[in-house]
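First chain A sits with chain B, and in the next complex the same chain sits with chain C.
After this line comes the complex of A and B, so read on.
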């Protein structure tokens, strides 16, 4: 390659985003060394939020199909992993792939139905919620999946990469979700700069115009759903391996669907870094507020020993962002800098 | 064989007959102007031909192939492309990326699509806006963007829905010149227009729609001399202004 084209490659937005991704991942990989061990769990939770939010953002942010049912995909991932491992001794890595595939299939089938019958906006969101609830009920009543008891992952004597199980507080529990997040972001970046991604965004902006310019609308909407579901399912599979336990509510509960949406909304819908920034804010929130409450500064002494500050902060934060940063923290800042 | 052959096309909306037994043919290389009062069914005719709406009855043949009720994206890729009267830019995208969406029909690679789009953008005089958000365009620019995206699909038949509406006369003239060049490129055009000067200047034939039916068709001179057309649409002022 000549020097000139190298420069043009570096100047392309995709290359810049990849550079940010590589540097950011490398920095975060040092996290286990700077973070005290008792904070590792927060880091893991934050990274998991980020993966789910990146997944949600592809379908709902870039694709414009607002999902309130991403728990379905997360749960499928979590249960595919648990079922295959506990009942058949299959490696979690394979369980993760299977879970991603099943979630993508489920997402495509349900989204096809909803789009086929022209559900949009709030009705589409409600229907995705209903599908997630259906899975919750179904799993809670299936003998083969231990009904409401769920699965305990058998604990091994030795660490094993093949079985994705390590000693408690192992750095690998941070590096694995970090790797998954980096992978999800890489897919996201490639997508945005591909024909497929451009089609997906064109359909979001104006379905009729896209169709009249030769874009097969249904096909590309379903591609967005498939990618989004698979990423979210991968987070679910990891979740099971980290907590070594899964039950219907932790996997398919509505809380999970909310956790998929909130980081993306706070960080910036339809942007690459928004969901990550949002997760970095929301993930540690309860931890930070708990720390403040344990030993409050004088001005906040009246809060000592009270609980629920994290939920209150959460609510206030959401209101502030909706009011002042309607495109989320990253989305609004990025827009300001572009001017 | 005609390039476009519309036979007894009807579109009824819950009892409203937006189109009723409309038949028309368009020959390759022809410019057909469609005029008629508001609510005559002109835009519905375009939407029904190009697949946005499913006809209640009747057939549409494009280049001899039956495309009645086919998907809009397939019709567009077959070479029958429409524009919208109310412009529909992809709001989150730049002008270049808007046109590149259409270019992707022929180019899988992003860079190839953008290069092809840049060429058409230059042809249509949109260069100064190329890398700006499409929403920043003034009305005249949005109309050109609609045209640029449609041309990017390499249409054989172009359905233009009021590309001149909303433009001041100084903006119209260059666009009319541009439309004339389409003929040299071998593109057949059917256009809806209210500005009679443009209709007279561009059309080989004119078709008048009224209450969803074909009221008259013929050369511009024949149609404007038609007493029923004058009563239904053109009005007495047109004759006075013309004389």
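After this line comes the complex of A and C, so read on.
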């Protein structure tokens, strides 16, 4: 009897995804021991990409609202952390929660406005982009946030979990974003299998049908936006703690919005593992190209010492994926195996 | 040309009636008047010295000319094709580097170089649409189009970075000196660029209204499927339209090179501003793009008298979002 129920639990897709998540997280937790110290920064960057992309995917992949302004949420997270810590001495963990809350509030307020006036597709994307740009300009002009100078996080003498600060290359700098990523993925899995998540996807697939069946369209869309923004803000807060520095452009710049989209699209939007796979491709890319350019093969010798190859490569990757593999790397593979 | 219409063309014309080239009319006049009234108020009770205001207006109009120049191309691409072209600003950078190379290595006058850059950019745009974007023209592919042009923008900007490096490059302007307009200083290269913007706008309007190509473009914009049924090669028209849009960007690149330093990311700032202007001016309206450009330029400089630094730009974005919410057909577009 128990055996039977166990089997049915394991057979449910949610349980399988949780199993993959636990095993994957455990394996990645060993990363600091395998990876040489000089590669730690790449791992941290890749994990941060992954968190942002998972966040973006919930609003834009599952929710079908294409955001081109996730820098707004990332920036709110990064600045909430920096401001509370530098000006009030508040722990980054609390800063992260506050940032998540503020970002969710901002996301819900702006998305409500845009959805209320029925902005969709290109116009929705442009409006989100404009909101992120407005925050960038606003922060650059606010004295209380040090205008364009941003914040330097005071460096402590000792490691401190409470203040999320450790000695350079500490393994904790990998474990914290890994934990955040695992948490974000757990939320994502739970959401997808919950009634809320089913509604969100139903609205994405056919808004009119969902509405006529009595689904409160606006409410569930805003839930997706809130979760998405909070996750992205958490990545922002961690980013500030890792680099011990934040300024308007690194927090709210258009590059951040692009970095939220690209991994998700390359891996596969609207899938749980797509953004992670995409981040694993895009994150280390700059390291790979940098290695190639440091000691280029004869055919590429003209590129020695130049920069830009990494972003050019992921530009090409993005075009190819959108044109020929619209479900992304993971999405396409998953579909093939399901058959 | 117009009197010897084929039956198909007549059918197209019958179908679309007088649709796309929005003439603006009353609203355009009203908006222009509103701008003049605001400027008069600034003069009268703005609390600034009149000379400062005059200078701000002249600078704003010239800056607006640059914005208009870049936006006319986008009004075709975004307005007619509906493509969210995020590579628009980067194509401007490409045009500027092309002109730069022609000027510095071949020693050509920059305005002559512009004449060479225009057809090259046309071909580039035609190719982009024919090879990449035509695969994504069905409805519901907005995100795909946005992502492909985003990828293109990343690719082009970084190829330029690989070739030229990140340092600023400038050319010696062939014409120097200043014009004095009502006591305000107007640098000659900027005046030339402004004149160029007006000429290009007139040329584009003539192409759209008076030529067979313009007629087909308007037909496709009004109803792509209908145009296809009556025998228009829609994909070719898409490519020609995108080509025209990038050709306009090519002209813009050459004309602003004498007074703007280039880096591989110079054009990026123009992408979002061009979207703001196109939406403000009304999609597909060349005249709207010019007026929108002037308004944004004026807001930045005259607004800059009261909101120093980048704060005036904040105002521009606020107006943009408001227009998106309440008047998506644009301030200067028709009322339809």
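Couple of notes before you dig in:
The rule we apply is simple: the second predicted complex is superposed on the first by the 328 of 339 C-alpha atoms of A that agree within 3 Å, B and C clash if a C-alpha of one lies under 4 Å from a C-alpha of the other, contacts with A are read in each partner's own complex, and residues count from 1 in each chain.
Convention: a contact is a pair of C-beta atoms (placed from the backbone, for glycine too) under 8 Å apart; a residue touches a chain by one contact, two chains touch by 3 or more.
Everything numeric here is computed off the predicted structure, so don't read it as measured data.
When both complexes are overlaid on chain A, the residue A:122 reaches chain C alone and has no touch with chain B. Of the two partner chains placed around the shared chain by superposition, neither chain B nor chain C is touched by A:149. In the superposition on chain A, A:141 makes contact with chain C only, while chain B stays out of contact range.
Applying the stated contact rule after C-alpha superposition, one finds that A:113 touches chain C and leaves chain B untouched. Residue by residue along chain A, chain B and chain C are tallied for touches, and C comes out ahead.
In the superposed model, A:318 makes contact with chain C only, not with chain B. Once chain A of one complex is fitted onto chain A of the other, the partner contacts of A:66 are limited to chain C, with no touch recorded for chain B. No residue of chain A lies at the contact with chain B in one complex and also at the contact with chain C in the other.
The part of chain A that touches chain B in the complex is made up of residues 193-195, 198-199, 201-202, 204-206, 208-217, 270.
Contact residues of chain C toward chain A in the complex are 78, 82, 84, 132, 135-136, 142-144, 146-148, 150-162, 165-166, 264, 268, 272, 275-276, 279, 309-311, 313-314, 317-318, 320-321, 324-326, 328. By the touch criterion given at the top, residues 50-52, 71-73, 76-77, 81-82, 84, 88-93, 97, 100-102, 104-105, 108-110, 113, 149-150, 152-153 of chain B touch chain A in their complex. Those residues of chain A whose C-beta lies close enough to touch chain C in the complex are 66, 68, 113-114, 117, 119, 121-123, 125-127, 129-131, 133-134, 137-138, 140-141, 254, 258, 261, 265, 303, 306-312, 314-319, 322-323, 326.
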